[in-house]
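Would you mind keeping the following structure in view while I ask a few things?
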């Protein structure tokens, strides 16, 4: 990538060229037939927003407050396991870029650098919690996150079980030996078992081994009681669950299908969003993710009721192409596109997007 | 197929490679322009199910009771004529695999092994009845099925007349000499007349020759009176007919277009299902078939009101690739996918699926 | 075509191979971008009919009474100019085949054999009237049609002006010298002016030259008063016009966009049909045409409110491939398909189709 | 183009062949992923109009009064910057052709000939105003336009900021030295800065440099007070803004997304039109643009509530292929197609189009 890329699509292509094929498959693929993965993109492409004119807006204020954290943009980096798969600097590089841009980074339970090392970088951080079998380890993680000034706990509720990622199974995908679950104690630190083509992937086996198979609202209540940080539930799609989240004290929910990696057949996050927004009626914050690839997608999410979005794969693509600088490029592209989109639609800031008229484009081809 | 296939699609490809082209065409094709055949698949792809989270479900109970038979899964093998076309062990292999997996097998009037030999295998069996011209033969079949402990009679009501399968006509398709209608007495046992390219296929002629052309509700009443087994009507798509089925004492109906092999222009079974479910309002059981190729499809059928599904071609593809073991593979894939789908959507079992939120994915491509 | 074709599609392909390219373009093309031409087919493909079962129907009665004429099928041959373009026997061959099958043939004002010669064949005939500039010639044609026992007058109301058929303009298409407007007196008999590529086609110029540019309801009233034959208006799409047709004494209207050859942007006939049927509410007969290529299409038209359909291009394709025998083949295919469709949907005859449940198939492809 | 082209599509192809690739990209491209650019065309293709018959119309009267100007057609040439990019005669050639055909030409603030020279040609002219940073220059332009008998002021309200045209950025597109903003005083006259691939295009930089970034309803009020000419606002899509336009004294609004060159994600103009038409309820005139490529598109716009359309790229394509004569060809094609469309739908003139029945064609392809 000698010339600075203009679009996330260009970064994506560069990442595909830069990564070993099975790593590319791991990061970019989805579960089963990848119907939901494709639906995530298609849902954004179908939405049309009607610009307002003559609002006198020149330099829109893009800043937002998400889950109690100030951000320069209504965006945060989604939790993604094992950043070191894409670049030796892993989460450290991403944390630096996120800090530079001023957006929160969600550090995954399965991060490949330790929370402590990532926190040392100094930007706003969120902590993503997987519901481990070992309750003591959960407590340990929460305490460390609080001590390190993480700003919220994002409990992922749509996993396990781990979705069937057929590409990984076919590739017999497994982690290189130097990529580990850095926050966990041995023996859970190492994703040792080699994947064999056709069997469950090594990562799937590891995930299922360390994570508690049954997660319930009772556990949410327990988390709520055991941390003073704002609580975010990630992976909610049904409006009834969003209401339950409110009732269990969640400060925010992430409307998400886990990037099309869990239940293949789930609706796109952005397609599920309006019903969720109607049901919660402002009683908690709403983030959405899956398929955000352009600043205009962010605006669409806001127009449909979200307070912000999470960015998944694009950040890893940037990391794969150029480490910290690649992530900066990705976030800068999205910032510029989003700022431009606000200006072109006459919005003074994220809040104004809620008032945009939303319709659906149909792009039937005549022949 | 040295490596165990991961998806039904892989089994399908292996079957296409393993079978003579005209046999492949016979089993996989549909009638006329195959619009309904394609609609069966497209209907499933368009449906999105919204997962529930935090239900605390770990190991879902997949068992179901279908037409009075206990099954480990809300699935049964659909009636398919002449299994020996695909493997010398024919219905015996399929019966063994179905027994291993614990799902009912529907044995066709036109099975290529005798009811007695199939029953000797020992799994749960259903008997599919075609309305033969010879009423005595019908009585004989019913008595044998009852004596052999078949658990229900499934009367197929969407045939004759036989659909126009153009591939078979073009191929001049006919049965090999060692594949016969094993349950029928001579001369109906042999599908002798050779097909000539361009004329009606040999199987079509035979079917029309042995089957009574006019089947009416009066005949249903006669069957109802002449057997003590649960009665299932297969091939109902119109809600008004489903209500008539209830009124004529049917225990279940199969919402089906015969796998796209009869009226080309009929809706997909799963598309017709909601209106049927609304009309019968629980007064009889509902099975659906046509295009089920993934455990998630089963879940979609349940969410739309079915109690279970029938599996057609995938079972024959498994049979063609590896006999009993191939059928086991197919049923195992579907069991794993279905169990996984229940877990990923937070369903404790088939009944919970009825409560899932159903929407429709549109996958327009932008360019 | 050594083997008898199985579908109209096969006849179409054979006709394309048999005809000079510019003649093929003339008969098969539409106006402008051919959006409406394609819409005619797409509209049929989108419709699903739900079969009824157990109605006890065996041999459906396909006969119908259309515009006062008994027909063995709810079909008639549409008016098409200059049959001799496709075969030297022209309208005589078509009339013989239509007679054999027992369906009415609509003879065009611009037929390439004289009404008298066609009538000599002896089948049921309808007369299509173009609104000529020369009122005397109209009177002459009506008198001859009545004398020759034509059964109705079908006044075409959607032409002139002649649609812009770009293929013909590009081809500089013109009639061979031996194909003439046989019913007209000199100088209108000869379509002499050579077309030059890029200019209006020779046929367009001739048509515009002989036909009166302004046709109004007053003229319809005049025709109604000047013939004792049933009056059919061909080319009605708007429900308000259909009501006006009833009020002006029309016995039937043909819901038609002239095979996609006039206003490109018009809806498919079968798409316009339901609103027309609702508006006329049985006060006149409804025929529909455009894109009928299968017996099932006929059934769909009936289910949506038509009493019968007109068959256009398929008849010419048959004529092009094998003269009288080719037309017989086309009509026989459609008869068999239609009879089969009735049986497969449990309809005792055309009237029962009105009661079939109609839905719309969507065949989105997932990838 | 030796033979006169038959369709705008043919002119488009000829223009692509005639222009340097980066000039072609500049004129034909849109912003970002060009979703809105494609939506403009798709929206027209989806609309079906139902013709009326027997209205007795022969020679429709195509004339219209648009923004107080008499036009022979309900069409005007859209404001397009720098016509000299496509032909040395630039705006002079277009003005001559527009005069010949009798349709208004909107001269852009950024025209590459001076208002005075264009006005000397003598046809009906409109003046498009960009909201320059230099208020004195705005006053100067308004005074000149009034003095030169321009008939209206069309204030473009959807720019700045300038849309991101990625093709231009990639091409490093910049104006040749002899193409200047002829109406502006130095230093704004010259679009000097060379574009570098990957940076903002030279035209974008120039535009952003000269134009005031904040345009508000207050400025509209100022324009309204500072000119006696009819005021048209171009670039309105939201019905609420259309109502505000009425309240601020606009005589007309142009429902437009700037040819898909500004906010990518905006609906097609013709898709936004019905809601706008309902909101303004006749209180001001409505023009629409974007994707008009056929006379039938014009009719569709009228049927949906527009009083007329603006023609953008097709005029430049004509200019590129053959200067004045090429523009004449384009306008003549559209005139002939539109006249023909009126006749084929039974409309005596533009006003009658409002009464046509509008439906939507879906052209799903079955396989």
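Chains here go by letter, A, B, C and D, matching the order in which they are written, and residues are numbered from 1 within each.
We adopt the following convention: a contact is a pair of C-beta atoms (placed from the backbone, for glycine too) under 8 Å apart; a residue touches a chain by one contact, two chains touch by 3 or more.
Quick caveat, the model's predicted, so the values are computed rather than measured.
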| query | Same or different: do the copies chain A and chain D touch each other through matching residue numbers, with over half of them shared? | reply | different
| Measuring centre to centre with C-alpha atoms, which chain is farthest from chain A? | C
| Intercentroid distance (Cα basis), chain D paired with chain B, Å | 59
| task | Would you kindly tell me how far, in whole Å, the mean C-alpha position of chain B lies from that of chain A? | result | 42
| request: Scan chain B for residues touching two or more other chains and write them down. | output: 33, 35, 38, 45, 362-364, 366-367
| remark: So, in the complex, the side of chain C touching chain B is made of residues 3-4, 6-7, 45, 47-59, 294, 296, 299-300, 337, 340-341, 343-345, 357, 359, 361-367
| query | Given the complex with chain C, which residues does chain B contribute to the contact? | reply | 32-33, 35-36, 38-39, 42, 45-46, 157-158, 161, 163-164, 166, 169-170, 197-198, 213-220, 233, 235-241, 244, 257, 262-268, 271-272, 362-364
